[in-house]
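Naming follows writing order (A, B, C, D, E and F), and every chain is counted from residue 1.
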Amino acid sequence: MEPVLTAILTVGAIGMLAGLILGVTAKIFYVHVDPRIGHVADILPGANCGGCGYAGCTDLAAAIVQGNAPANACKAASDELAQKIASMLGISVDQQERQVAQIFCHGDAAHAQRKFVYLGIQDCRAAQLVSGGDKACTYGCLGLGTCVQGCFFGALHMGPNGLPVVDTELCTGCGSCTKICPRHIPKLIPVSQKAAAFCSSHDAGKVVKEICEVGCIGCGLCKKVCPENAVEIDKFLSVVDPAKCTGCGKCFEKCPTGIIQSVVLTRDLKKKAA
Amino acid sequence: MNSGRLRGGIQFSCPLTGLSSPFEGIPSPPKVIVPLQQDQGGVCTPRVKKHDVVLVGQLIGESPNQNGASIHAPLSGKVTEVIKAFQDIHGRAIPAVAIESDGQSQRFEAQAGAEPFAALQGAGVVDFDRMTVPLAAKLEEARARKVNTLIVNALDIEPLLSSRGRLLLEEVQAIAAGIDAVRKTLDVNRVLLAADADANEAIAAATKTFGGSVQILPLRNKYPQAVDYLIAKRALNVEVPFAHGVRIADIGALVVGVEAMTAVGRNQPVVERFISVANGKGHIKNLRVPIGTPIGTVLEHCRITPEPGGKILAGGPMTGPAVAGLDQPVTKEFLGIYVQGRREVVKPAEAVCIKCGLCVEACPMRLMPFLISGFAEKGMLAETQNYDIFTCIECGCCAYICPVRIPMVQFITFAKKQIMDQRKDA
Amino acid sequence: MQDYLLMIVAAMFINNIVLIRFMGNCPVVGVTSSYESAVGMGAAVIFVATMAGTTCWIIQKTILEVLGIEYLQTLVFILVIAALVQFVEILMQKVAPPLYRALGIFLPLITTNCMVFGVSVLNIKEEHSFMQTLIFSLASAVGFALVLLFMAGLRERMDATGRVPSLLRGVPITLITAGMMGLSFAGLLGMA
Amino acid sequence: MAARIVNEFTKGFWKEIAPLRFALGICPSLAVSTKVESALGMGFAVVFVLCMSNVLISAVRNLVPDKVRIAVFISIIATGVVIVELVMQAYFYPLFLVLGIWIPLIVVNCIVLGRAEAFARKNTIPLSLSDGMGMGLGFTLSLVVISSIREILGSGTWLGMLVMPEAYPGFGFLLRPPGAFVIFGLILGIMNVISARIEKKTA
Amino acid sequence: MSLRELIQMVLVLTIVTSVCAGGLAAVKLVTKEQIDYQQIKFIKEPALKKILTDYDNDPISDRLQIVTGKDARGRDVKTTFFLAKKGGDVTSLAFEAGGSGYGGPIGVMIAIDPKGGIVQAVAVTTQSETPGLGSKIVDDPDFPSQFSKKPVSANFNLAAAGGEIQAISGATVSSSGVSTAVSRGVELYQNVKSQLGL
Amino acid sequence: MKQPEFVVSAWPHIHSGNSVRNMMLHLIIALLPAVAAAFFVFGVDTLRVVTIAIISAVFWDAVLQKIFKRSLSIGDLNAAASGLMFAMLMPATVPWWVLVVGTLVMLLLGKHVYGGLGCNPFNGVLIAYVALLLSYPGLVGDTPVPTSDMMMTQNPPLMELKEKGAEFLDETFPLQDLFLGSTLITGTIGEISKLALLVGGLFLILRRKISWIIPTGFLIGLAGVATIFWLIDPETYASPLFHLLAGGSLLAAFFLATDWTTSPVTKTGMALFALVCGVMTMAIRLWSQWPEGAYFAVFMVSMLTPFFDKLRPKIFGSKFNHQRQAQS
């Protein structure tokens, strides 16, 4: 029995000493760190996309805990996660409609002219710096897929026609693609939006007609036929107000270039969820 | 001679035939398009309307500020259109004036007697270095910083361009007048003239004209020594840390190209450009071209038919921007036109740097181009700055020498742009 | 003196704790993606390993061996290391917050770093004297930190100008590179 | 509940197979994988320690103050390790000689403390046991895979049995430390390929 | 942090470590015998097999422990002697002695014929010398065989130290470790010869 | 849609014509004299080894490019050059399967896992050499090789030094034979004629394919250490000249330490790298179990290349004195 006692007493004593030292130092050198920051950071997606405007997810977590940012500040987190954060912190969230990105240019190789053959770095931002990009339209998609690289959630891919395509189910509406695109072609719209003119050109109709078959020429027919007054023409470009648009489809028929089209994001989502 | 050594750079072996070919005029084009921004000084305000009749040298675009360079009609004739968004060689959408020639070439009489220095803005003189800048801005800076040394740069910037060497020979009197004018306005007590050591005739002419008043600095051709900073280094043995905001004027020097000195000496609005035309086979012609002449017209005159799939450069083969079409007009930003055939086009690489170090050896700024470009490719912008990306003058020596043909200059310009954008955002 | 010198060289390079003795690989893989973290981890380990090595040696000689309970070595040593690491962490957080911010995140990782515990055990196994323990622990930890640093250097270069296939990027290629570093150390075979 | 137990058990074999997925516990995976036999020995030692520590830690999880959490956990783990050490010395002495210092080093195997921190201290005893078992067996599996490759290509044998032709010269490089790193790295790469394939299929 | 928490912390840690230690001590008690046997079997037996040639018993079972001295703290140091017998007669007496080499301690098993007072053979049990250099003390049979068949009165030091043993070139330290071990062993044998009762 | 006519890209628009293929071709040409010298000593076996090495290197390169889904680029001659270089480190007696295994290791671990040409932190040739040396010590490395005389099987010089000491080296290996190469001297294929290596190396330097700094620094570092020891005790230690001319000193100095990918690019970095390589070579020759240290040294020191490359040139304008010069 003696060896057992020796063991118990020695190691017990070492354990006690360790406990004492730790306890006493912890008492003397106490530094408060809000444990909730860690918990919130755990809930956040951890993509560090920066879409929220903070330097990464942990930074945002600290801001949320300190009340400097709302619980749903993360563009990439679902409502469910925001709710989870809010209930953990005992605060409330304003419900906001989910936004997704759409590509506001349909000018693929078959429909839009190019000024020259571009050789060089395969990055839209770099291409934009070489004589302003190869596309004749200075507003149109360059098609080198920088937005695809920029999406943290794999929601974009290049379609067969050389234009990016958004997977609306994967898109979190973080807006990284909008920011990274030198021409800001991907734009965020509410999922419930029912119509949009998929063009970004503010060029005059005459110029657009020369270089692109599917551009908005700013003729204003859509504005004229819209019964809800949901369409505005902003410098030769038709813009649909999602709050007013009912998706009646009158403008689709009238548009001479067919660029104002129906958008069916919600159904798409429902189908996928089912 | 207190001259500094140039490390790195490229010794081109191309023949200097251009030096012996005199400037030719070209037949006045029937129609010109004059973009209203041709330098870094900002967009000029149109001073003519559609259907206005203009004379050669008449103001058509007024500089937006005191130290800019205004733009003048190169032809006499009728304004057919003031274009709002003309896409220039850089892809910028800027206003431009289209003029239809009346075949008269009647000159507009400028109000005489203006002092050259004050008239620079009005005369629209620009100087060409890495970019085109209004000479007035340069002189204003020189005056503010009490510059006492004038370095006249008669070195051609790139291989196969020879307009400066030729100007020194043909316009030596105008250059002399220009130097005198600058001497009068600035407190310059020392004038140096950097010239290509192989331009014997021009150096002889300069020596004869200037006597002892101008110190001539014959330099062996080495690209890119004609850049302002490197001229300053070779002439004065001082390296200006321009990336840290120090200017050449801060060391008391002003570097001006001979074409700007010629224009000052002539004291007339700038309406034509001295350019060299060359293609893959070598130098073709030295020309005096009215500003606004379409490149196509110039090439027709030189009997060059560009090949589809080839390239047209607004400048030399090292740093000239490639242009999209033959209808682009010659502007003050042109030092020459270089035409490249389909097979001569350099295809950038898919491959990866093999760290051979040739670019490091070639870089005249003693940078590590492969690393800067590598960081730039990966979007590691902070690291590019640690490796002094802003000291890069984008001369292209690195990409020229690289065995795997990495488009280093494009990566570097791309990264610089991104950094500038970030700074703007912050 | 010469013996100590040889011991330093041997512990740092010839029998490098990571490349030859296989200890402390997790941080070599985990925290070498940047110089800063490599330096931070290296510094933290140098500090902790030296402290732990000597403390454990003293406990072994004055308590465990005296009482004949050497078989409890594992339990006692790891307890000491865990307490030591946590002690340092708490202390640093208060006394030197900037240092804590730089090194702090690495400290908890050190408890489970084989290298610290391994060095403590090796000191006993190889019957080092106190002086030898001090030197061996320090030199081994420096050898570890050097490997971290070299790896960070190679990885930075790979990141900047390499094109590692995406499926091997990160941990796999770091392991392979560590293997190559170890392979080159075969040149030192027979030196000690 | 039963489903969860099964789930916690099986995740250790592919989804969260420890050394391969998280780059934890690399050292022993490299050091004791020259032979399948020692890999198995090491693996089972870890299974034992993991199960024991997970169960005990889960049992005391609500009694331990946060500040001494790590110290307590690691004491429990160390106890398991010493038991393994003693038992192995008593009954599997040759194995003990081969594994040497790596037996006490189980105490710092990141997986063990990692499971305590990440799992056992937040979950019930049955779940923790299942997790420990799964993780431990997953670790064993990784060791066996690595050591199989090394033993077969390196010495031409598997578990001591000759599996390659008599004349096979054996690639000794793989039995050396660098060979271990390389094989480990390549296996990780191959796993990435397989995962990517699976993901593509399910997507 | 309150005092209560502090006490709780210390208490928990003390109890846990005590319980752990107690458990381990129990396990150790249970396994001790078996571990001793295994150690002897796997470490000593190969060396014994090498040096003992002519016997018909199991020397591992026929072993005896004798107190051969005191260590620095005054505790007894015991040495195990293995007896090889043939027809009941002790033909050899084997035991281990130690010296220190280049890479650490060196253990040497020595077999002595108690009747003739002759060192029969010597084999290295444990060593950690440089492979290919110091490890020749094991790999090179010529080196240990130098010790064989020498009377216990011989000088087992290296030639350089006035003895009869030729060192392995390039591994003087390792060689000297072995020769020191043998010298010590022989000396120890001389001291305890009487206690062995042979 | 109208097709665009001209190409637009960033400058520069012309190129020097340098290419990987061109550089590899230079390397191959530079090694030919050494191959010829080896042929003189070992006969047809030389060609056997060289041919198998090159063919299997090219084969593995193609296979691995396929596996790693890269475009086929055996046309850049890199695999052929590496294969030839690898053969230089092999004795003429090496079995064919060792070459096949070696080239696989070389191209897998020294090229493709890192992403292809130019990404590897360590030279594939050296990786393969050391891996084989550890696996098949009797078949590669410093083994006695029968020469075409077939009269005797002679130890390579450094092995003789390791085993028998420096005493009779001068008689066994006349310096002239070490330099020119002769049937008295064995070793790997690339270690036979130092003259041939020197010719090849100078060719590369003059064609500006490698920098003169690395070979110079390497040999200075090696000779420096050798001289110190030789001066201390010429009986025990071989002369610096012997160390320079024996084994792989020159091969490593001109062809391995200069490998672009794994050596520094800055002049200061190159100089330090080379000196450390030279010193390390001697350390391994003196104190390790290996007779030859040059290859290990280059392999090991390339680990430090990223650090040597931190010693970059002072950039343009860095010497500018902001206070003084701004006023003048």
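Methods note: a residue touches a chain if its C-beta (ideal position, glycine included) is under 8 Å from a C-beta of that chain, and two chains touch if they have at least 3 such contacts.
All values derive from a computational prediction rather than experimental measurement.
Peer 1: Starting at chain D, figure out the least number of steps needed to reach chain F through touching chains.
Peer 2: Counted as steps through touching chains, the separation is 1.
Peer 1: Farthest chain from chain B, comparing Cα centres?
Peer 2: Here the answer is chain E, farthest from chain B.
Peer 1: Taking each chain's centre as its mean C-alpha position, how far apart are chain D and chain E in Å?
Peer 2: Those two chain centres are 35 Å apart.
Peer 1: Go ahead and note the Å separation of the Cα centroids belonging to chain C and chain E.
Peer 2: Roughly 33 Å separates the two chain centres.
Peer 1: Averaged over CA atoms, how far is the centre of chain B from the centre of chain F? Could you give it in whole Å?
Peer 2: 47
Peer 1: Would you kindly tell me how far, in whole Å, the mean C-alpha position of chain E lies from that of chain B?
Peer 2: Averaging C-alpha atoms per chain gives centres 88 Å apart.
Peer 1: Can you tell me which residues of chain A touch two or more of the remaining chains?
Peer 2: Expected reply: 3, 6-7, 10-11, 14-15, 18-19, 22-23, 26, 30, 115-117, 119-121, 129-131.
Peer 1: Give the residues of chain E that touch two or more other chains, as numbers and ranges in rising order.
Peer 2: Only 1, 5, 9, 12-13, 16-17, 20-21, 24-25, 28, 131-133 qualify.
Peer 1: Two or more other chains in contact with one residue: find those residues in chain D.
Peer 2: Correct list: 67-68, 71, 75, 78-79, 82, 86, 176, 178, 182, 185-186, 189.
Peer 1: Once bound in the complex, which stretches of chain A touch chain E?
Peer 2: 3-4, 6-16, 18-20, 22-24, 26-27, 30
Peer 1: Taking the complex as given, what residues does chain F use to touch chain B?
Peer 2: Interface residues on chain F, with respect to chain B: 4-16, 18-20, 22-23, 71, 73, 115-119, 211, 260-266, 309, 312-320, 322, 325-326, 328.
Peer 1: Can you check the complex and tell me which residues of chain C touch chain B?
Peer 2: Residue positions touching the partner: 159-163.
Peer 1: Residue numbers of chain D touching chain C in their complex, please.
Peer 2: Residue positions touching the partner: 23-28, 30-31, 67, 70-71, 74-75, 77-79, 81-82, 85-86, 101, 104-105, 107-110, 113-114, 176-182, 184-186, 188-189, 192-193, 196.
Peer 1: Which residues of chain D touch chain F in their complex?
Peer 2: Within the complex, chain D contacts chain F at residues 169-173, 176, 178, 182, 185-186, 189.
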